[in-house]
Each structure stands twice: as structure tokens, then as C-alpha cells.
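Contents: one structure, followed by commentary.
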Amino acid sequence: MIPGNPALTMLGPQAPKESVEQLEEELGLNKSKGEQYVIYLKQILKGDFGRSYSYNKTVVELIKERIPNTLVITLTSLLIALVLGMIVGIVSAVKQYSILDYIFMVLALIGVSMPIFWLGLMLVLVFSVNLGWLPAMGMGSMANGVWDVISHMILPCFCLSTIPMATFARITRSSMLEVVNNDAVKALRARGLREGVVIWKHALKNALPPIVTVLGLQLASAFTGAILTESIFSWPGMGTLIVSAIDNRDYALIQGVVLFTAVVFVVINLIVDIVYTIINPKVSYESGKGGN
Amino acid sequence: MSENLLTVKDLKTYFFTASGVSKAVDGVSFTLKKGETMGIVGESGSGKSVTASSIIRLLPPKIGKIVGGQIDFEGKDIIQLNKRDLLNFRGKDIAVIFQDPMTSLDPVFKIGNQMVEMICAHQDMSKADARKVAIEALKKVGIPQPEKRMESYPYELSGGMCQRVIIAMAVCCKPKMIIADEPTTALDVTVQAQVLELLQELQDEMDTSILLITHNLGVVWKMCDTVMVLYAGKTVEYADTKTLYAKPLHPYTWGLLDSIPKLSDKVKGELKAIPGVPPDLRLTGKCCNFYNRCPYAQEICGKEVPELKELEPGHFVACHRQNGEQNLVRGEVNPNE
Amino acid sequence: MAGKKNMTANTAVLGAEAHSQLIKRERKANNVWNKLRRNKTAMIGLVIVVFMIIIAIFAPLIATHDPNAIKPSETYLGLGENGHIFGTDEFGRDLFSRVVYGARISLIAAIGGTIVGAIIGIILGLIAGYLGGAADAVIMRLMDGMLAFPFVLLAIILMTILGSGLQNVILAIGIGNVPSFARVVRGQVHIVKNEEYCNAGRVIGVSNVRMLLRHILPNTISPIIVYATLNVAGAIISEATLSFLGLGISQPTASWGNILRAGKDCLNTAPHIATISGIFILVTVLGFNLLGDGVRDVLDPKMKK
Amino acid sequence: MSEKKVMLKVRNLTKEFKIRGKKLGEKPQILHALTGVSVDIYEGETLGVIGESGCGKSTFGKCLVQLHKATAGTVEYEGKNIFDLKNEELKKLKSDIQMVFQDPFSSLDPRMTAGKLVEEPMIVHKIIADKKARSQKALELLQTVGLDVQHVHRYPHEFSGGQRQRINIARALSLTPKLIVCDEPVSALDVSIQAQVLNLFNRLQEEYHLTYVFISHDLSVIKHISDRIAIMYLGRIVELCDADSIYENPLHPYTKALLSAIPQESPFEKKERIVLTGEIPSPIGDQIGCPLAKRCPNCTERCMKDIPKLKEVSKGHQVACFLYENN
Amino acid sequence: GSKSDDSASEDQSSASTEESAGETTKIVNKEATIEVPDEVTKGGELKIALTSSPKNLDPVKYTGTYESQIIYQVCDTVVTYDKELEEILPSLATDWTISDDGMEYTFTIRDDVYFQPGEYQDGRLMTAEDVAYSMNRSAQESAMNRLDMLDHAEAIDATHVKATLKAPSAVFLTALTNSGNAIVPKEEVEGWGDEFGNHLVGTGPYAMEKFELDQQTVLKKNDKYFLGEPNLDTVVFKVITDPNQEVNALRTGDIDIATQLTGETVKLVAEDETVNLLQKPGIQISYAYFNMKEGPTADPKVREALIKAVDYSELASGVFQYGEGEEACLPLPKVSWGYDEAVEADVPSYDPEGAKALLEEAGYGDGFTLEMYITNETFRQKAATILQSYWQQIGVTLNINTVEWGTFSETCSTGKADVFAMAWSWYPDPYFFFDKMFATSAIGTLGNGQCYSNEEVDQLLADALVETDQEKRAEIYKKALKLITDDDPGIFYGNPMECLGINPKVQDFHQRSDGTIHLFTEEENVWVVQ
């Protein structure tokens, strides 16, 4: 599937031939690909995701260990991104083509095109090295108080939230533009509802579906998309795990992680679907081409 | 029945589209007294709904603009109102029932929520109380099982039910004035009668004024004290109902009255209709707008825009042929033809 | 006065000429290109994008130096030093020329990758959303599965299947983008397909394909445009990731992403390398987004000035 | 009448909607929008449908054009149940049966101009291949409904309600179908245009032998256009007969009430209105007894328990009421 | 900075840590100093950054240098190198004898060494049995075959171990210094099974307390260490994969020692006022190999031409832009005792014209295309790009295939690359270079992925392995070096430096040229100014 011999990869440049062969045998790589796959499937069905040979732990254990770390930053940063992004998007939509709209747009685009490594390093240089306010890396521990945990999260979360924030802002803007002037919203205004309520409650809910889609997507990509951020901030999450798994051709781990994330995505997207029907009751997932 | 509630004078609302300025409303004038009902009838596309939107200042942003005239509501100049005052004005002073019931409700909120929200926005009331008021209102407009229907989404209702929900909503806040844009088109006659009665009740109770936009001249007759006839953005005739029915003056009004299908007619008979099409609203303002369809048109009609004149007290007409000198009589054969 | 009835009031007065001119004007005004031309945002965006494309096309004429010529004695020159407009990089190569040549790869990767991803994604999203039920489930689970592959892994797998080369870069970036486009589209389709005007189309007997392309797609286009234009940034960076992994263009061919990546290793010594390539990426992304916003507006009949 | 060819044979047509519960997981309730509707629609006739709002008229119409899949029952067209049709046959059916939607606002694709909207059916069914000729035809159609060249390039939101409805009508006419389901096609039109359109409908019917299912609230309009009239109440047809006789000899209590509620056409008439009082029944949940029972002035005990069936009382006059069962 | 005795001394009250610019010594550019108390201040924590995450700490299973850094602190080996890597010193063995045929080594093992307490034993005395057990285990199970010359080892008595080799091997002792051959208790190994790598127990100065993958490893001092009490209370190895961040962490004080600095970070550390840069030529060579078996480069003339086309010093300075490496030309690091400066002259000198002529001669006048494989590290890319431009001048097109490690190792070890660039480092003993990189037997490994095969060289290498006298061995290796150089197997352009960033408060720390870190040996006992 992936090029690169895991045994070779793992053992490093100095590995003698015999060791490589020996390890191949140990890992079952000398069997045919099909055979390996069958064995793997059998294991999966037994609930056994196998053992990561590079980490020397079971895959399940590793994933279980990493998930909270990843969740804590991805969820936090997505939350920040979502809230700020939506606010920015809504304001831009309401004030379409105003100075504010353009400023927000440029900021958002800086957000998406700013390389994470650059942003991350600059943040560390400013806030850690020069100002000394925030720790440069690592994960805080509850043992040192809540602030320790939070302060360690600030910079990575900031880094991680730029792209989603920009995406949310842009999607919200476009989606809001579709609805802010439609008849239903006009009718709401005619009822004398405050503009705030009209926009932030009614128009927003109407504009929500694409935002929810993107949220689902971002949530999903956050699982593996945090690779750069995690490596910059030495954050031991799923990103680090998958990179290392790929680097080491740790098949069991790769498959485990991919399978796991796939399951997570499926779940996330099912939730997204449910949310759809909640925000727009007309949506139906019945087969058949629309209609009722 | 004396105080003027709403006075609209020479209202002009234009749409600035890429291909030119569309004069959707181009000189509408009328006065609505407290507790009175006025009907607006007219060709479809003649600017009735736009007039209504103009009164509550809800035109499509950037495109639609009020370019002239006055709208005076209880001494306030609506055109000058700031945002805050507009909020209290809309919904509380004037409630609007838009023409299209299906799209006048937020599709993603349950109708109950929308009603409660509206009531709470204008009345100092707890949610629970507002709910009761809403249910009461739904009951009044004849919606079965109002408690259950509060939980429905707009798409789950039939067209008529949506319309009734909107009417209920408008009535809930006991506004000083209701603009009802074809409120009963989607309703069957029994419900229509019920709704109209409801409006009248409200009127009696609260001295509410009603601006009723409709095509149903029967409804106009039943409900309205005065009637205004619009054609191509202009008021062409304006009088109290009795006068208008008894002695209409504008040729367009005549055509309109002639077109009504009657129950007494025989099945599948040919209906009388006004031939021709109304003018392109981007090109009006050079002559009488009805010029090309008017069987009585004369040279002057193609040259000058007729002014709205008070021919008899309270009876206004904009027609060159009805300028008081050699007035036309309905049914007269056009000498030119 | 016999023909009077067939005319509108004003044609009778102003003459049919004026009226037909008006209608011509209206038709012109509705023409997408004319609308676009009148849209300031779109025009600024278009100018930027065209500017970048011109740079790419005429790179050999614009570049002041051979973009690949190494000069070990002149590494890390600053802006304007020694005749190098943007200075030089770690090999003493002229940064300006590299940026100019880099536009080729980066734009192709960005536009191509996005288009490929968008087209496949849109098709899948439309089908899944429209058919619903089993088709929806199958396609979307497949997309979920693809999303679960980190891009790096996907790239490596594609590399073994496809081999390297510019087309394959486009393909890889495109394929990587497919799931998200599919998701965005599908979500919208689920909402739009139940609109009354779609029902109206069904009554007429509009075929599924036409329904999708003529009714549903145009009404879901907004988020697609936004997503696609935002995606440009990602595609440019992805190209660099790919070439870093060996899929795609190899050294010494310049691309903005590559320059940016190289700039990462000398952020302190020569910050201008990362900055300049970053600015080019940013401006390009800005251009595409402005254009996208404009196109969005133009396609929205309600947004007419 | 009996020599007339039956075009659509509607048998026991039933449509139920599931209404989601208030809370998550609550059992959905059944809304009976249409219950056991059986009627023959003859070729070349106009079947008027009237009834209280929410009684299932639109649902009936939508079932005929297959927008709703019927929960039960059949609609036979040329001897085949339309719900079983596939591919080519289905396509043919779609060009034969058209619908004018009740809601002119949401039934037009907001991103298409009026011209394109009217052209679309012709494109779909490849009626006129030539582009120029097609747009010419579209313009003609628009003109027949009282719109003009100036409207061709406008988008739906730039039209007034009545104008939109006219686009809808033009669209339905563009295919010269055999049957048009008109769901309140003229309710948003002013009387003058309404007259034009009704005349047009009549003319077309004469010319092309069209069949209409005409849903309206306006009794005078219905009377004007219909050959036969079906009165619906809560998902059922309660009375069905010739247009004239319904006005002269209404049988069902609901019909009577309905007729009495018509506003006077002119200031010179006076009429007594029969007001239906009592609890308004709901289509949600199980249906027991005659739906009108609780509001009917002639309600009997039987009415509270059984549902009356549509029975012919005199030639061509069917009614569903126990009052006429024995006669 | 000033040094203090190894001997334990009382903990001093915290000294001031004021910084002042000091004079330059061996430290590059400048020296950041702090006031250092005369007495050793005991206790405290030392934080060391690793650029990659240690994964499996089981000595027989580990594969990377990161793991060995930790194993060295937790475990001891039988013998050890001195800090200059010149001499092999006693460690757990006080002494050893070698049989005349070079087949049997008898070690005298210390009797005062205790294992750190663990899950399956509570800090018992280490015995000769353990030494024999660990050696045998390594010989049989080592993932890297680190002790493949050993046939078996047995404990003769409580303090003596006899190791029998399969064949005489001059590098046996050197191999024993490897952390992969560290001595571990059998109970723990068997008790933990696969998990032993996460719960390493040894005899070393610091015991493992916490092992968090991809994050950090925390070591606590071992009070019962046989050399005395370690100065530090805690040693933390933190994983920081981003080089820039490593420096940032060093500057903010998040870490005290930054290992494996490369590229720009070297300069950053050198320029920072508050930290010091330590540099030492490493036992490492950077090179680009030619495929000796297939393609145009199988032709010696072509290889010579390719070498002639390259200006080594420019190449080296282009790759090592921040002084993180030096120019080289032979396939052996200069610090190795097998190095022979005389051979340098045999490397074809820079002569592009001559190169062209040679190509012409070889029948490649029109040039040809080579596929080069490199991993995606900056310095490899730099080298490749520079080579590309040199060779372009003689009409050779070089396609650079940047691939990640997995693909690289597979492609290159199987001889599929025309050219590939990498680096090699091991012990100073030339055996670990020549036998791995040029022996016919090594074909198929990455070391000899070029498929170098020369019978003469093979013979010389075999001879050198049997010979126990270092002088004589050096002679043999020098001969081999010359032969290899004449075959032009590649371009051995650089000798990377071991670069360390260190906080001046770290005292008594010795940088080693193999990059390993030792915190407590006979020669040093690292402490931190409090």
C-alpha cells in the first residue's frame, strides 16, 4: 500500500541485512500482502487493532492516550474559531462591502494563507522568548494549577484556529448574504423585531447549514490536521502519532488511526446530519429525489 | 372616526435596477382615518405591495428607495424615523400581513416560537403568557388544535393555514394599524369570512385602522370605508366605497368592475377583461399610464400626465377626461373608435 | 389609433425604439460578464488573478536571472542587493526570478487542484445529496474514509500509484479536496432539493441531470465558491508538501510553496524569503477570493445594483 | 356525461404525513391530509375543487402530478397507475400533466429569468429545438398571460405576486399538456387579469381539449370555469356534482355553509350566512366519525361514529352525508 | 565556566544567576557565563531536548540515537569509551582479559552494583549472571545485531563472565560500549515482556520514573549508584521535534541542553547572549553515493568525471552555511584513527573541463540523466541542489527525488538509485564505516546501497577484524581507504559537527563527538547551578 519497508524504516540506516529480514519475519511482512490483510481483518473483527511496533504499545492504548490531548486543543480552538469566525462573518455580511467587511476579509485571508509554522514560531518568539508570558511548548499539567494548563494551550490553539476561523468567517458571510434579504427576514423585520434578533437568531439559523457542514469538516480535519501545530508545540496528540506512524511505516498504527478517525468522522457527520434536520426541519434523508 | 392616522402624500418609490429606474410607486396619495378601513385595488404589479413596504420602510436595500413624498403617521414623518423608532413602529404601531404567507414565516422556527417572540418583543409579557395569547389568537383565526399547531414548522402547514398564522400574529400585538396585503386570497370563503370578522372585531375594539390590499372587490365592499384604485404606480381613483361602487369615474375602475366573474353568470361564459398590457414602469411619467388601454383616450392623454383631482368632496380621480368639464359617463362609446 | 392596443402606453408615446433599447439594456445588464464588469470587487480580484497569470506565462521575459543558477558566494542577499530585486536564497539564486517562475507551478497547482477537487466533489456531493438514502450513505462514508487519511498518507499512496509529475500534483491535491467539496455540496443539496421550485421542475419532467445542474447546483453555488477560493491557499501549500514528500515537482523548479518552505529554515537569517513568498500567496488568495465574492454576487440575482 | 372518456381514474387516494414529535424520540403522529378520495376526471372537463383551507386540495393536486407519493390508492392514467410508471412513460406523463403551484413565490427558481423559466419545459421535452423560436414562443406565452417583453429578462424576485403567478401559468401552458392541475392559479391576480387568464383557460380548453383540475377558493371563479365541482372537507370529497347544480341545490351541510359565506358581489345584495360553530376538527391523529360532525347543524349520533361514504343521490350528484343515505 | 570536583559536596544555597558576557574559549563566537559557585550545588533538574521521540527503550530493541541517550543514563555497559572516544574504560567490568586467539574475553564484574528497584525486583545486586544474560540476549535478539560476533557468554562465578566469539573480532569491546548492550535484570525483562521498553530498569545513575511517549522521559537519581551520588535530582528528556522551537525552549529556559542542532538554529544559539553553543567534529560523514552496479555511474570514468565537476569546499560551505559542518573528502571521519590525510590527494580535484573530457571519453559526450534520491531534510536538499547545478555544467541532468525516509531507505538499500545522499555515523573504529559501507557482505543494506564490491577491500577488512592491535589495524584500514578512494564510490563532502546548545548553568558537562550524552561517569558528574 505505502512504499517503504517498515523493517528497514524502523531499524535505521545502520541496520544489517539479517536484522531487517528477522524483523520482517517478526512483523509478518514476509507473507503476501493479501495474506497480511486477511490476518489484519481477522484481528480487527476480534477487536484487536494490533500492536504498534514502533511505539511498542497496542494501537488502542496509544489512541486512547492521545485522544484527550488532541481533543482538548482541537475542540478549544475550533470553538474559538467558530465563535469568532461567525461573528466576523455575520458582521461582514450585514455590512457587506463596507470598510469593516474588507478588513475582516483581508484578516481572514491572512489567516488561511499564513503558514502555520511561521505563525507558530512568531508567536513563540514574541510571547515566550521575548515577553516570557507564555510557555513555548509542551502540555501543562493539572498538578501545576489550571493556569498552567491554559497557558500551554493558548499559543497552539491560536495557531490551530486561524484557518478554521477564516473558513468559518467566509462561509458564514456568504451564507448570511443569501438570507439577510430574503422574504422571511423581511417579514421578521416588519414585525418590529430588533435587528439583532433578526440577524443573530433568525437569519443565522437559516444560514447555519453550510456552517455546520464546515464545522464537521474542520472537526474532522482537526484530528489529523493538527500535525504541524502539534509538532511545533510538542503537543503529543493524534497528529504526532500519525506522522510518526507514517514515518515508521507502522502499518498497524496507521491502519488503526485511519480506521479510528474514519469512525470518528462517520460519527461526526452523522451528528452533522442530525443537526441539519434540527436546524432545517425540511431536510430529509429519505431516498428518493426530494419531494415528500 | 375623525382623526387622521396615516397620510400618504405623493409617495414615490423607485427601484434602481441595472437597466434603469423602475417607478414602482409614482405618486400615491391617500388618507386613512383612525378606525377606518381603506382598500387598495389595482392591477397586479401596480405597486400595491410596494406601497405597503414603503409605509413600513422595508424596501430591498440599495435597490429600492423612497424618492419623494410624505408618509405621516400620527404626526410622525415615517421617512425620517431612525432605526430605534422604526422598531417600535413596525409591529407595534403598524402590523403588516405580507402577500405571500409561505415565505413570510421563518422556515426554521416553529410557528409558536415565532409568535411568542413577536408578542414578547412588543408587549411586556412572560413567555408563558405570550404563549397563551398566541394560542388564543390562533384559535380566533380558526386553526384547529392550536396548541399542537404551535409546534408545527411553516412547511407543514397549508397555504391558508400559514396565512392565518400570520394574521393571528399581526393581531396579537393590537397594533394601531394593520396593513393586510391580500390576506384572504389563500383562504376559503368560510375562513375568509371568519378572518374578516376578526379584523372587524379588532377594529371595533381597538379602533384599529386597516389598509386592505385585495383583488376581491366583494371583500372590499364588505370591509372598506374608502377605496383607492392604483394603476401603474399611481393613484387613479380614490373615494369612499359607496361612491366608488355607485359612481366610479376612472375608465380603469370601470374595466375592473366589469371583469369580476359573477355567480350569476353562466358557466364558461366569456369574461370581460381590459385588453392590452400595463406600461413598462421604467418608462412611465410621460403620459397617462392607461393611455394605450383606455377606450376613451384622446390626444391629450398621450401627452400629459393627468393630475389627481378632487372632483367631488372625497372623490379623487386622475383622468383628463374627468376634469370636470365634459365628464365621461360609464359605458359611453368612445367617439374616437 | 388602430395598433395602439398592442403597445404599452409608453411605446405609444416614446416609440418602440426607446423601449426595445431599454430591453436591450436590460438583457445586457443581466449578462454575467457585464455584471461582473460592473462589480468592483470582482474586477479587483480579476486584475490580481490575471496579473499573477501573466507573471506566470511571461516568466521568462520578466525574470531578471536564471531562477536556478546557483551562486554560492551570494547567498541570502537582502532586498535589492547586488541587482537582485528580492535578494537571493540559500543558494544565491535570484529570488525575484524564482518567485516569478514559481507562479507557474503554484497557480497551476492551486487552480488545477481546486478545480479537479471541486468538480469531482461537486458531482459526488450532488449525487449523494440528491439521491439520498443508500447512495448518500455509501458516497459519504467513502468520503469520510478518505478524509480519515491524513493528506500526507494520501499523497504517499497516490505517489506510488501515479508517480510524480505536475499532472499528478494536480490530481493529488484535487483528490485530497474531493471529500470536503462533496460534503459542502451535499449538505446544501439536501436543503435545496426540497424547495418548491424543485418540485415545480419535477412536475415539468425535468430530468435528474438537468435538475441537478440547472436548479440545484446554481442554488448551492455560494458556499462552493467560498470554499473553492479559500482552498487556493491550501492548494498552494499542499503543492509544497507534496514536493517535500517527493510527489510532484522536484528541485530546482521553484514554486511559492517551496520557496516558503525553504524560507522556514532561515526565518532569522533571511526573513524576506518566507515573507515575499508568503505575500505572493496571500495576494493571490486575496485575488481569488475577491473574484469569488464578485462572482457570487453576480450569480445572485438579488444582489444587483 | 357517461359517454365522456375518463382521463384520470382516482381511486381511494390517501396521503398521510408523519409529523415529528415535539421532543426527540417522541412517536411521530399521523396527519391525514387526504383520505380515500375517489373521483373520475373526464377528458376535456374542468373539475373544480373547493374546500376549507388545509383540507388537502394542494395535496390532492400534488399527488396527481406525483410530487407526493400516495400512501394508498391509485391514480390511473391511460389504464396505468401513474405511481408505477417508469422512464419514458413517466416522462410522457410529465409532459401530459402539468401543475400551476399555489405559491407563486417559492415555486420559481430564484436564479432563472422569467423567459428561461417559461422556456424550460420546452427544453426539457425538446418541443422547439431552435433557440430563437423557443424564446419567441416563451415571449408569446408571457404575453398571453399579460406580461411583456420587458419582463423576459427579470428574475422572480423582481415581480409582484400576481406577475409571478402569471409566469407559473405560462410555464404550465408551454407544454400544451392534456391535464393541468391549477392550484389557485388566479387568486393573486387582479380581476382584470383574472378575467384574461380565465378566458385564456377556457379558450385553450376549447382549442386543445384540455382538462383542468382547478383548485380555488373563489366560488365565482370556480363556477365560472368548472364543469363539475368537488367540495372537499378534511381530506375527503364530501360533495361532487355539476357546477350549476351545486349553487342551485347544495346538499352537504358544509357546502351550504360555504355558499352562504360568499361575500356579496355588489352592495345591493343581502344574504344570510350559515355560521359553522363548534370545535374545528384536526387532521392529526385518528379520525372517527364524520369530520363535520361537531360543527354540523344536522349532526346525528351516527355522524359521531361512522364516516359517511360518497354516494350518488341523483344523476351526477354525489354526496357524503348520512342525511341522504336513505333517500 | 569553572569546573568543580566530581566528589560530592554539600548543597549550596542558590547562587546568583546573573549573566555576563565572557571571553571566548572553545565555545563558538562568545560565551555566556554565569557566576558559578565553587562548591557543587546538588539537586535540581536538568532538561535535555531530544529532536525525535524515543519509543522503545529496551536496549535490544531500540533503533534510534534518541533512545540511547536515555538508556545511557538508566543503564550501564560492561565497558565504556572515555569522553574523547579514544580509549575503552572499565565500567561494570573492572578488568578483562582476551585469549590469544582473540576468541574469548573474560570480564571481571564489579560486586557493588545494584539494579534500580522495579516492578519485579527490589533493587538487588547485579551479578555476573546478569551480564551474561544481557550479552546473550543482545546477541540473539538485538534488532540491530549489535553483538552479532558473540557466540555466547557465561558466568564463570559471581564476578566473572566469559564471552566466546564466533570469530575473532577486534570490535567486540567497542560494540560492548553500545547502549544496546547495556546490562539489564532478567526478572524485569521477562516480567514486562514486550512492555519492558516502557519500563526500563538498569544500574545507571538515573532511574526511569515516567516515560511519556512523544513527550518526555523523567529520570530520578539513583542513590545507590556505584560511582556515588549523582548530582542531579531529576533529569528530563523532552521531545521537541521542531528545531526552531528547540532553540526557543533553550532560550526561555524550558530546556537546558539542546541536542542535534542543525542549520540556522546553530547560528541562533551562537548569537544568543544567554546560552552557549558547543561544537565538536562528529564521527560522521555526509556523502552522495554513486550506483556502482547499474546505470552510467557504473562506469568509473563517469564517476571520476562527476567528482571532478564538484568543488568540494564550495559544496561544503553551501551545505553547512552556519558552520555546522566542515569540508571533507574521504569516507571516514577525520577523528577516526583510521583516517589518512595522504589519501586526500587521491580524490580527483575540481576540474570541470577535465570532467567533460572524461565524459566524452566514456561515451557520454551528450550527457545523461541521473536519478538522485534524498530525504527531505534541508541539508540534503542543499547538497542535492548544489550537485545538480555542478553536474548540469558538464551536461549531466540530475533529477532530485525528495522522498521521506520510508521510501528512501527502501529505494536506496535495494540499489535502485543512481545517486543518493545521506550521512553515516557510528564509532570511531573504521570497522563501523568500512565494513558497513563497502563490504560486499553489506550489499542490500542502506550502508552499501550503492553495491560497492571490491575483493581486495573485502580481504583487507577481514584482516583488520581479526587483528587486535590497533596500530596494525590502522595500517590495514588506511590501505583500504586508499583502495576505496581510488574507486570513486561517491562524494564524501562533509564532516558534520556535533552541535549542542547549552545553558551556562549546566556544569561539568562534556560534549562527545558521537553525540551521546553521559551525565555521570568516572570522568564527570553533571550538575546545575541552583
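The letters A, B, C, D and E name the chains in turn, as written, and every chain counts its residues from 1.
Convention: a contact is a pair of C-beta atoms (placed from the backbone, for glycine too) under 8 Å apart; a residue touches a chain by one contact, two chains touch by 3 or more.
Computed from a prediction, not measured in an experiment: that's the story for all the values here.
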Minimal step count in the chain contact network, subunit D to subunit E: 2
Selected interface, A-E versus B-C, where C-beta contact pairs are more numerous: A-E
Centre-to-centre distance between subunit D and subunit A (centres being mean Cα positions), rounded to whole Å: 52
CA centroid of subunit A to CA centroid of subunit C, Å: 23
Between subunit E and subunit B, distance of the C-alpha-averaged centres to the nearest whole Å: 90
Residues of subunit A engaged with two or more neighbouring chains: 2-3, 117, 121, 181-183, 246, 280-282, 288, 291-292
Multi-chain contact residues (two or more partners), subunit C: 8, 19, 22, 26, 30, 156, 196, 199, 202, 267, 300, 302
Touching two or more other chains - residues of subunit D: 17, 67, 103, 105-106, 148, 150, 157-158
Touching residues (chain side subunit C, partner subunit D) in the complex: 8, 19-20, 22-23, 26-27, 30, 195-197, 199-207, 210, 214-215, 218-219, 299-302
Touch list for subunit A against partner subunit C, complex: 1-3, 97, 105-106, 109-110, 112-115, 117-118, 121, 163, 166-167, 170-171, 173-175, 177-178, 181-182, 209-210, 212-214, 216-217, 220-221, 224-225, 227, 242-243, 246, 254, 258-262, 264-266, 269, 272, 276, 280, 282-292
Residues on subunit C engaged by subunit B in the complex (per definition of touch): 1, 4-14, 18-19, 22, 25-26, 28-30, 35, 38, 196, 302, 304-305
For the subunit C and subunit E complex, residues of the former touching the latter: 68-70, 72, 75, 90-91, 156, 164, 243-246, 250-252, 262, 265-269
Contacting residues of subunit D [partner subunit B, same complex]: 17, 19, 22, 31, 50-55, 58, 102-106, 143, 146-148, 150, 157-163, 165-166, 184, 187-196, 198-199, 202, 217-221, 223-227, 243-244, 247, 257-258, 261-267, 273, 276, 279-284
